[in-house]
Amino acid sequence: MYKTVRMIMVFAAALLLCSTYTASAGDTLKIGSFLAVTGPASFLGDPELKTLQMYIDDINSKGGIDGTKIEFIHYDTKAKAKDAKNFVNRLIKKDRVDVIIGGSTSGNTIAVMDLVEKAHVPLISLAGSVKIIEPVKKWIFKTPHTDRMAAAKIFEDIKARGFTKVALITGNGGFDKSGRAQCLALAPKYGLVIVADEKYGNSDTDMTTQITKIRSTDAQVIVNFGFGKAPAIVTKNIRQLGVKLPLYQSHGVASKKFIELAGEAAEGVRLPAAGLIVADKLPDTDPQKRVLLAYKNAYEAKYGPVSTFGGHAYDALFITVNAVRSAGSTDRAKIRDEIEKTKGFVGTGGIFNMSPSDHLGLGLDSFHMVEIKNGDWVLVN
Amino acid sequence: MTDQLFQFLISGITVGSVYALVGLGFTIIYNASDVVNFAQGEFVMIGAMSAIFLYRAGVPYPFALAAAVIITMAVGMLLEKLAIEPAKNASVVTTIIITIGASIFLRGAALLIWGKDIYGLPPFTKDVPISIGNATLLPQNLYVMGGTALSVLAVRYFFDKTITGKAILACSCNRKAASLVGINVNRMLLIAYGISALLGAIAGILVTPITYTSYDSGVMLGLKGFCAAILGGMGSSMGAVAGGLLLGVIESLGAGIISSGYKDAIAFVVILAVLFIRPSGLLGSADAERV
Amino acid sequence: MKRLAGFYILAAVLIATGLIFPDSYYVTVVGVTICTNAVLAVSLNLLMGYAGQISLGHAAFFGLGAYASAVLTTKYGTNPWLAMLAGVGISGTLAFVLARPILKLKGHYLAMATLGMGIIIHIFFVQADWITGGPDGLSGIPEISIAGLAINNDIRWYWVFGGLMLFTTWISLNIVDSRPGRALAAVHGSEVAAQMTGVDTASVKAQIFVVSAVIASVAGSLFAHQQAFVSPESFSFFFSIELVTMVVLGGLASTFGAIFGAVLLSILPEFLLVFEDFEVLIYGAILMIIMIFLPEGLFVSGSRIVTGWLKKRELSTQ
Amino acid sequence: MSLLSVSGLEKKFGGVTAIAGLDFKVDPEIIFAIIGPNGAGKTTLFNLLTSIYTPTAGTVTFDGHDLTRLKPFQIAKLGITRTFQNLQIFLNMTVLQNVMVGCHLRSRCGIFEAAFRLPSVLKEEKRVREMAMEALEFCGMQDIANRDASSLPYGVLKKLEVARALAAKPRMLLMDEPAAGLNDTETVSMSKLIRDITSSGVTVLLVEHNMGLVMDVSDRVLVLNYGELLSEGTPQEIQCDPRVIAAYLGE
């Protein structure tokens, strides 16, 4: 008897496999996204999702893209690569989306690139790594500046200030590691020497040990690539140890949260960032200013302080919308071709000029070097 | 080099103090109920998060801290009442999964209540670094170490000198015998979970001004606290404290002297080495099986 | 043949599902995840359920297999099957070397040691970026072919993983019902008594540790090829814990229990998606409730309850 | 020629001496009882003979082999098995499976063959099943072979331990308080079982508190007191030995 029941249970378990099959819908544009809304990269995914939802609702309430409504399907990857892979599979096979926007992190994006290439779905990534667009992959685009651009921007500034000896300190996440690799690769080009290369775990609570080691070198500046709470702890620890060296952070901390967490210690920290965080301080002649302020005001009216990360989602969404409009169809291949033809699109990250050999289309000038002064961002000239 | 070493030690002891408090929490619950409570790290998070939100809501700082501790104790006791007590006869692995479930549940609740942002607390007193030779530390580092030391002493006093403390230990030795001599076992377990949560909350509010917190920061601390408890020898409260401090120092020295990228690996290698030589931890007693 | 009846039913369901719904997302994607997790859960159950040795580091062997395949095929152009064999060699050797000192430990200390082992290996995946690609992982892992048939679409992967799951289940059922299997259960029941009946307990534990590591490693190699991408967080200690949860949730010392747990924990997140922010909370609550009310696991306690209920009905109708 | 010889055996736990310089010999195919007041070191002695404890000093020789360096399973291989004072039944198995574990040493199948269930495995499984049933029949338990061990009463489990030990076809069986906790009928049937075991050619070492049973079945009796040998001889000699009487009555 017991055995029979066990068999029935095995059968029932396996039947769970056979769930229903969903067919794709008709005349709408299906945009799918897989973002790290919770988990360690939630500060990326959260504003990204909010931005997408806000603007898609807006577009639909105004009648859609030339009459085509947008259907938005979203999954939270919690920044896990395996989840990213499964959700993108689900987007492609179950939800049959026309365009994918995401993932929030480079790891999540890289995990799904092969899959997306095979399935022939255009994807616009919101992640930083240069690996996403180099070498160019036919169906894959991205909107955020690359980590290489960030490293270059930082090194340019360091060189301009006449420093040559750099201490690196980075976390163990994908963003950190890839930023570190770019720094190591670019340093010689700017005539800089990396004199220290310290690491920490992203959930570590104290980095004084690493900074003590940096202090014992002859470094002239410190560069920290990372996001989340770790860069704030690094910043505070540096000040606590009385280290007076200039500190550069990456664009990973370009949000008010960083200033709030690091407090006074954040004073004087420099970082490369998109125009969004200094929108109101840009000269009126700046072509981006209008777009930036419009996004900033819309977002802040609804959700609170804006971050550059949501801006990447804004850029991705409107590049898609423009592509659909000029393609006049929701055909995946046509949309892809039109995305690649994006020219002169003024977004929050800069002015995008894509081409078959450049699936980002931003120049180094789209980055601004900013410094934290009196708890606010100030443009460095 | 000696200056550096001194700095490494300060850093290690600060971090280790938190591990010690979490490890001590593990030990108290283990001693009272034979359960390894993997939701221990969540107490730290709940303590810190409730303090932050009370403070932000305008509650004066000391009151916010006190209220946060009470909230966390209530959560700890509820956990015992709702999840541990009903599963009294479950096997060790089953209780482990229950506490893991509890930890996920508490994290989910924190996510809903407090969102996923990272928050800090202001330091207890002004943040002026104190220099000792070439090494520096913050007043908050001293609060962390001092707070830990006081908590450990208080716990020792409680278990060595008070009737309730001894009654809890009696429950751990033999539950049936304890209830026969008139000890209310369920109440003792409740108190043990309360104390354990209290320690977690104290650790949380002591350290958050330095390290910040978010709804998911309990996991790592819980894990390190477990390491501390095991390294010291499960069931030995002073072992857990020693284990925690040692773990903090090993991590810091490992990062400082060998490799910062591999510092956690170094710590685990040391733990494994200790266990290979002493299978019951540093201060744990090997229990012989009676046949 | 009664011994394998459950196995045949499982095989029938697996094959029928694949034939009837070859395009369904739940077969080609969720199905593959379920089979992968089931392989890992069954192999872990050999160690945990039958031999009673808890391991919080099982994902590490899964990862070693995956990385061996990923690194060797992408960086050195090794034949995928040779790479898989290399993975088996690495995992097996490591398991063999670590088995005696680690499995000498008991209870929570054993949990700690296996946890530590898993974390050290995971840190290696993250930090040794010159070989493992660091946190970004390795992509572009080539597809494999079996007997000239390229495994290049999802349903074929379903068959591969389904096959591996059936094979693992068969092996597990075989081992359990044999001399070494009884020796394992004896170690679980009473180590002293096992020794006194002539069971070399240290060696038996080491053997099953190696077997379960090798199975996990093979699953890892195939996983790497199926995903065409590996990154460290798929092999973190959280996944090890998830595997332990599968085994315990289904019911320890029951091969089908482990499969049941794997099915449940692989499908549950798919259904909880609709709850969005409540997902984590509900997941935790479900875990707790199941373990509190069915401490022996859903499958084992569940079938016991159903059997009891049927018996009662039989009695009352007589 | 004696089968087992113990010389100068000593065991200290910290500062406490549990066994102090013990010497004795056991001849083959007899029932050799070890008695003594509680705490005399009887179970400790068993644990030393089976290498569950390592002696502080002294040697144990079984059929020419030195046992003191061996692990318990190696001792089992030489032909010594035992039962336990606190039952060590595999509660996660059926009665038959328990006894089949006892056949471990009389079968060879390794994990690889088992995993693939090679034909040799099937043959051996059948043989092991027969051997186990034989042992069960010897103890009169063949009817409950398929019951779960966890569902059986204490008295039956005591017998099951004996059956499991016998399934290994030992040359010597160490029985630690086989009659403890048994009722009168069960005790009678246990003493019959012990005699049957010896008649089948197995030497029995017996630790027991039930003096009736000891005096009834034993060929030789050794009296331990505080870890030291107090007296040794036939049951009759022991019963008349004033030192033994004093030790038991507490002077």
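For reference, chains read A, B, C and D in written order, and residue numbers begin at 1 within each chain.
In the analysis below, a residue touches a chain if its C-beta (ideal position, glycine included) is under 8 Å from a C-beta of that chain, and two chains touch if they have at least 3 such contacts.
Model, not experiment: these values are computed from the prediction.
Q: Central chain, going by Cα centroids?
A: If we average C-alpha coordinates per chain, C lands closest to the whole-structure average.
Q: Hey, which pair has more contacts between C-betas, B-C or A-B?
A: It is B-C, judged by the count of C-beta pairs in contact.
Q: Can you check how far apart chain A and chain D are, centre to centre, with Cα atoms defining each centre and the answer in Å?
A: 71
Q: Approximately how many whole Å separate the CA-defined centres of chain B and chain C?
A: 31
Q: Taking each chain's centre as its mean C-alpha position, how far apart are chain A and chain B in Å?
A: Whole-Å distance between the two chain centres: 35.
Q: Report the inter-chain centroid distance for chain C and chain D in whole angstrom, where each centroid is the mean of the CA atoms.
A: 40
Q: Residues of chain B that touch two or more other chains: which are they?
A: In chain B, residues 111, 261, 264, 291 touch at least two other chains, as defined above.
Q: Which chain C residues sit where two or more other chains touch them?
A: 127, 192, 277, 279-280
Q: Using the touch definition from the top, which residues of chain A touch two or more other chains?
A: In chain A, 38, 172, 199 touch at least two other chains.
Q: Can you list the chain C residues touching chain B in their complex?
A: Listed in rising order, the residues of chain C that touch chain B are 48, 54, 101-102, 104-109, 111-113, 115-117, 119-120, 123-124, 127, 191-192, 237, 241, 244-245, 248-249, 252, 277-288, 291-293, 295-296.
Q: List the residues on chain B that touch chain C in their complex, please.
A: 36, 83, 86-87, 89-98, 100-109, 111-112, 223, 226-227, 230, 234, 261-262, 264-265, 268-269, 271-272, 275-276, 279-281, 289, 291
Q: Mind pulling up the chain C residues that touch chain A in the complex?
A: 2, 5-6, 9-10, 13-14, 17, 20-21, 23-31, 33-34, 126-127, 129, 134-137, 139-140, 154, 227-229, 231, 233-234, 256, 259-260, 263-264, 267, 273, 276-277, 279-280, 299, 302-304, 306-307, 310-311
Q: Over in the complex, which chain C residues touch chain D? Could you list them?
A: 171, 174-175, 177-183, 185-186, 188-190, 192-201, 207-208, 211, 253
Q: Considering only the defined contacts, which chain A positions touch chain B in the complex?
A: 38-40, 42-43, 46, 172, 198-201, 203, 205-206, 208-210, 212-213, 216, 228-229, 232-233, 236, 239-242, 257, 260-261, 263-264
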